[in-house]
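Before anything else, here is the set of structures, which you'll find just below.
The same chain A turns up in both complexes below, where it pairs with chain B and then with chain C.
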Partner chain A sequence: VSRSMAREEDFFLEEKRFKQCCEDFVKHSQQIGDGWEWRTSKDLGDGYLSKIHFQVRNRNIPPDLKEKNSDNTEQTLFAHVEEPLDDSQAAGVCSTEEVVRYEYHVLYSSSYQVPVLYFRACFLDGRPLTLDEIWGSVHASYQARLQEGPWDTITQQEHPILGQPFFVLHPCRTHEFISAVLGGSREHHRHTNYIILWLSTVGPVVGLNLPLSYAKLAHEQSANADSG
Partner chain B sequence: MTDDKDVLRDVWFGRIPTCFTLYQDEITEREAEPYYLLLPRISYLTLVTDKVKKHFQKVMRQEEVSEIWFEYEGTPLKWHYPIGLLFDLHASNTALPWSITVHFKNFPEKDLLHCHSKDVIEAHFMACIKEADALKHKSQVINEMQKKDHKQLWMGLQNDKFEQFWAINRKLMEYPPEDNGFRYIPFRIYQATTERPFIQKLFRPIASGGQLHTLGDLLKDVCPSAIIPEDAEQKTQVMIHGIEPMLETPIQWLSEHMSYPDNFLHISIIPRPTD
Partner chain C sequence: PIMRTKKWAVERTRTIQGLVDFIKKFLKLMASEQLFIYVNQSFAPSPDQEVGTLYECFGSDGKLVLHYCKTQAWG
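Right, the complex of A and B next:
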């Protein structure tokens, strides 16, 4: 069996395959209690993945950055954003702990034929995070790319099914890193759960991490397919 | 051919006479007079209302002024929708001028996107153009353009410069000679009554046999409840830029001539007035 090189089309995700990957993804989430569910829209039958996640943020703000003017368009920088819970109890550090409620949705874009990550975040008192606060909370590793082109990366947009404001991680660049991750034979792609690969790559940019057991799921599918 | 270019101009220069009134609960130092303005159908509220903002801020104290937002009969108006779409969808069968209420407090976070600067509008506008080209040309045309061409599209819109805009936009309206149209048509269908803000799906302008798909074909495929067979009484109107195009119109032609500057056809399905 010859393994042909992947074409550009293989990095595109058809809607049927999107739904199937999501179905498998939710099954696994249910098995490990990761909290993802699929929501179907009543009118057109399309849908999206959804998960709510609470994150404790440890804001270590250096004294000189605290003094920020009230201009809305200034970026408020968070020097460090710790990952949930374990690290947040660092002793002897002057910090403010805040709980932020994140709601993540994975929708399908028929225009770009890729999944798209929507999210919104608010403090426990209901106050939504501003775009500046969202930009500030992007993981340190991605800050350079974000500052290069913030308007190409994360912006506020209308949720295409709910009609409410959400933040969106732009899909234009999905092909760039998906091809880097998937680079290889076409045979291999067919058995890969695109959602797991994609979400494990883009999720961390906005504070969403996938437990390692999802990688097992992608591998199992591959093994079953080969032996079938 | 001359006729077709006239359509482009008519679309670009369409205006809606509007009366802006300050919300009664806003705190003012003296009475606020209403402000009248002709709004360009193809632009965005926050792009063309600087004068409105200045007019009302003159009678308010600085601390009472926060981000401006607009509302029509209790419905917050989405600034990221083109003005013509908002009017067709919410007010097309009401008397002119269009009465919009201006707010400076209690921004409705659950309904409206923020718009703190013109950069936000530009980013939104360019994102729509890019998505439209992804559908029409697999992004090939928009990606081949230089940054200055992208800037020219935005500046043309911002400064109401038809020629400047179309010098670049015409490239987004071309297609390879061997094809008879775009790959897919960029469109969105809006109905004020649904929770879903709009319907958008993949739709080819040319059928497999080579015939041109029509507006009627699009609606039948994507939104069948919008049109009822010819012999029944039409309860709804299908409106683009304030008119009802014939359902037999080829969708490729509509896409080339009646798209908004963001390169999308924004189509409203509204109740037909019963007078």
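Right, the complex of A and C next:
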């Protein structure tokens, strides 16, 4: 028994639509000061979304993650103290703060016909973060998702435009998953901003969060839609 | 993955993460299956987001429609 969905091509993202979604996305980002911009490459004529943000991190491991790191050699950084600390002691002893520069790019993959997330992070002295270090700052509820989710693997690849190493969320499951979310509602799907839908799903796993305000943009009632 | 909708009464301060945990138990999902929740079928709110806030932005008539989508257990 085969159950065919709405034509699967409907849920692929054409490059033209990718650019339009990105344009709407950037406009909204500018309105709320979320820091995204559209960059183009002079040579290739391709464009991509880019965001850089700086985050102050404690070097503590938050309590949710302590089980995961039993093998870690950097014991001194963890707040595994035997006696309880009062607030004044805790602040001084356990945490050093450091600034991390996160960079996220959204590029279009013409072979998969979906957007792809590239990301990297480094300390201010230029030292890049490892994937484990990046995941250390991800919300605890996403920890389990790192292994299982609508992404096959995270690999390190050369950025197609910049030629520098970035981590990449492999796109081979994106189409399948996004199609499931959009469901059979082709009419609805036409008005959905694919980038917002996709990025709000995959971004948090790598520390990228979209403010709720994007949800209002995510589904525009277009002027051509049925009235009512 | 198939999406369905059901009706539940939820306190305003319940977070998305709380909802996810509840639905996963309700559906008896395996640990390796993941659940994603969407508002307007177009945006996945962050896990800390309170349902009450979502209702204020996107709900009406005492109802907030959310969709959930579960993934298979990969590998």
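One rule holds in what follows: the second predicted complex is superposed on the first by the 153 of 228 C-alpha atoms of A that agree within 3 Å, B and C clash if a C-alpha of one lies under 4 Å from a C-alpha of the other, contacts with A are read in each partner's own complex, and residues count from 1 in each chain.
Quick note on the criterion: contacts are C-beta pairs under 8 Å (C-beta built on N, C-alpha and C of every residue); 3 or more make two chains touch, one makes a residue touch a chain.
Just so you know, these numbers come straight off a predicted model, no measurement behind them.
Could you figure out whether chain B or chain C reaches more residues of chain A?
Ranking chain B and chain C by residues of chain A touched puts C first.
Contact residues on chain A for chain B in the complex?
41, 43-44, 72-73, 110-112, 128, 130-131, 151, 155-165, 170, 172
Considering only the defined contacts, which chain A positions touch chain C in the complex?
Answer in residue numbers: 139, 141-142, 144-145, 147-150, 152, 177, 180-183, 185, 188, 192-193, 196-197, 200-201, 204, 209-210, 212, 214-216, 218-219.
Inside the complex, what are the residues of chain B that reach chain A?
For chain B paired with chain A, touching residues are 67, 78, 80, 109-114, 116-117, 119-120, 122-124, 127, 130-131, 134-135, 186, 194-202.
Can you name the residues of chain C that touch chain A in the complex?
Contact set of chain C toward chain A: 1-3, 17, 20, 31-34, 36, 38-49, 53-54, 57-58, 67, 69, 71, 73-75.
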